[in-house]
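For clarity, chains are labelled A, B, C and D in written order, and residue numbers in each chain start from 1.
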């Protein structure tokens, strides 16, 4: 069960039209080498689920600039003008979701739930087309789970079994995305021996990780 | 003094010892510079931590540490990092005492619009909708008008961020509380007349019988 | 903002009729000294939310044996025959909830959600009185949040600001309960200086903790 | 060989390399002793970890480490601990490949009853309802009858743990698969006749055309 693969071997898992979750928050904690790999292979028509579309030259934004993205489900596109331009030109479909709702929808899928009730978005355009449920006199939106074919995440330290530890603010969407995709590939800053991450400090247990690629550190 | 600094200074006075506070991008971020040294305020950053410190100087930059604006910051002693699900559990669950945000528009009913101008500017709501719904106290901090046009309206006409969640509006002209009866002007800036502020506000302002000068 | 208090000072916060969450799993990771304190003060008519009622002489079960509990909301009572006896005699109300649903209901309250949809319990007595919602052809139960007046939790290492780290299987319900109660008291195995727990390894951020009592270690 | 050991040995053969497995309290726990050394199976313990090892010997006891039965166990290299919300996200979210549980009753429709006998035994469902709904494969491992009474029924009459979720039933008499058409007897123990097993089973058994001897 060796999970460590080369970046060349990642290629075999990439397909045009895939739905991808990609970790990171404004290019912090984003798996940059895996994005390089997507660019190098020019994988097309991607649906990407991510917190934001980064910047034109950093993070997930590079895939937008390179026109590999068909649809993006995200909470924020303001730092990447190219996302807005492609959206306005009708080249790219953008679905904006409140950040807390987006991460919770991903968690919901990973946790086997059918959805959840949130007060966020009530009285706004976010409620359009959604069921409202009143609990104890308070109105909530029913939000549904969202999953992906593949999650590309970034880990600061990854042991050889696939247990992951995240340093500081690089954690963000990564551990939750690892629970909600059919295939999970983690890009490691550092690959360490099993048990070098204390078992009580593991954030993503190894069972969620299918493949590990070694990052530049 | 720069009007933006005056606003940030006045917002800082709203914070109490022990408060957990989320400061939005832009002017709200400046508030951190003016918090009294007599109190401890814990800054929450929605990308996943509490205990945010000042912007990192060049030699303090840590590639693994940014704030919710993607800017390299420092962390304080006793900081704690977590994932985005926990971050928004904290935000939506009422564990943030105060959130300070900018606004495009705010109205008599405490409605807030700050995330898009249709056909023009669509940055996305990011974490703003959750913050405004979840925080115990929502403070809008902004310049009173935009290019001479009122931003405090009878009714917002831009897409809302949240309905009826704003508690307090702080501008360079005054401090306005959102009450069930409408917008209550509680403080007015020293250089501003009542006529000035009324003329710069589309919404009806109820003048507090104990109207005070605004202090920074 | 000194959160460290003596066990005597805990007494002032205890009231007959309170709803308490108490952490632990079969007496592992349970705040034993806080339970001693509840017993010593003979706090009565408690509603207790907990994974299980432990054993007659260990864990939460001691409160049952001492007849301080009016109602218990829990997933398992099988290891404490006294709970079953009091239930059968009508002395104690027992509400049994599937373990995954119980912890998720607590999380839901702490996270400001109005509830969630779970497949667990469909076709069983658990569904009685609950709304069913069909999503994509699959039936789910709508389960509601549950909160408490106070949570009593156990931490292995707690820093002086209240950041908590849990060793091994003692974590269980503790960190989630810390998010869902008005007042949270953590019993520490060890109280350490601030920053002795690496910030990326903190499990319960200090903002959830109101008071810290020092355990016997 | 003890019938319970035969059952545990046969269940162990169902496990594949890399499987994440949750073993219920009691006989299912014995399965761990018989897993082939050629494969690596990851045991999940619903109180909050993966990588569970054998029961702790006296000198191995760690006060902070128990299994879901409250018994002191060891952990393997590469173990990971988490809270109960994550534990049940793993269980309910389909991240457990196989769960092995005992039963009071199981029926032709794959219904399972194993958590209470009204008016008599009410231990509670613990994590069983989530495990049976969430695990990719549900194996019931039990003695074929209880005090001579059939436990494999046309229809369970005790309160259910879950509806239609059981995939495989393994007893000391044979191996039975729950199919859309009913209960398919696939293996029979060497010392047992077809008549024996049919007489010990209330439900209708479909005999596989390729019925095999049960191997442990």
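The definition used in the following text is that contacts are C-beta pairs under 8 Å (C-beta built on N, C-alpha and C of every residue); 3 or more make two chains touch, one makes a residue touch a chain.
Each chain and its UniProt protein: A, C = Butyryl-CoA:acetoacetate CoA-transferase alpha subunit; B, D = Butyryl-CoA:acetoacetate CoA-transferase beta subunit.
The structure presented is a predicted model; accordingly, all values stated were derived computationally and were not measured.
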A-B against B-C, pair bridged by the larger set of C-beta contacts: A-B
For chain C paired with chain D, centre-to-centre distance based on mean C-alpha positions, whole Å: 29
Centre-to-centre distance between chain C and chain B (centres being mean Cα positions), rounded to whole Å: 35
Whole-Å gap between the CA centroids of chain A and chain C: 32
In chain A, residues with contacts to at least two other chains: 104, 107, 111-113, 118-119, 166-168, 171, 199-200
Per-residue overlap in chain D, given as positions that touch at least 2 other chains: 49, 75, 81-82, 85, 88, 91-92, 133-134
Touching pairs among all chains present in the structure: A-B, A-C, A-D, B-C, C-D
Parts of chain B lying in touch with chain C, wherever the complex brings them together: 17-18, 20, 40, 42, 44, 49-51, 75, 77-82, 85, 88-95, 133-134
Touching residues on chain C, where the partner in the complex is chain A: 104, 108, 111-119, 133, 135, 138, 140, 142, 144, 165-168, 171, 199-201
In the complex with chain A, residue positions of chain B that touch it: 45-49, 62, 64-70, 75, 81-85, 87-88, 91-92, 111, 122-130, 133-134, 159-164
Chain C residues touching chain B - in the complex, by the definition given at the top: 1, 107, 109-113, 159, 161, 163, 179, 194-195, 199-200, 202, 205-208
Complex contacts: residues of chain C adjacent to chain D: 25-29, 51-52, 55, 74-79, 84, 87, 94, 96, 98-101, 103-104, 107, 118-126, 156, 166-176, 203
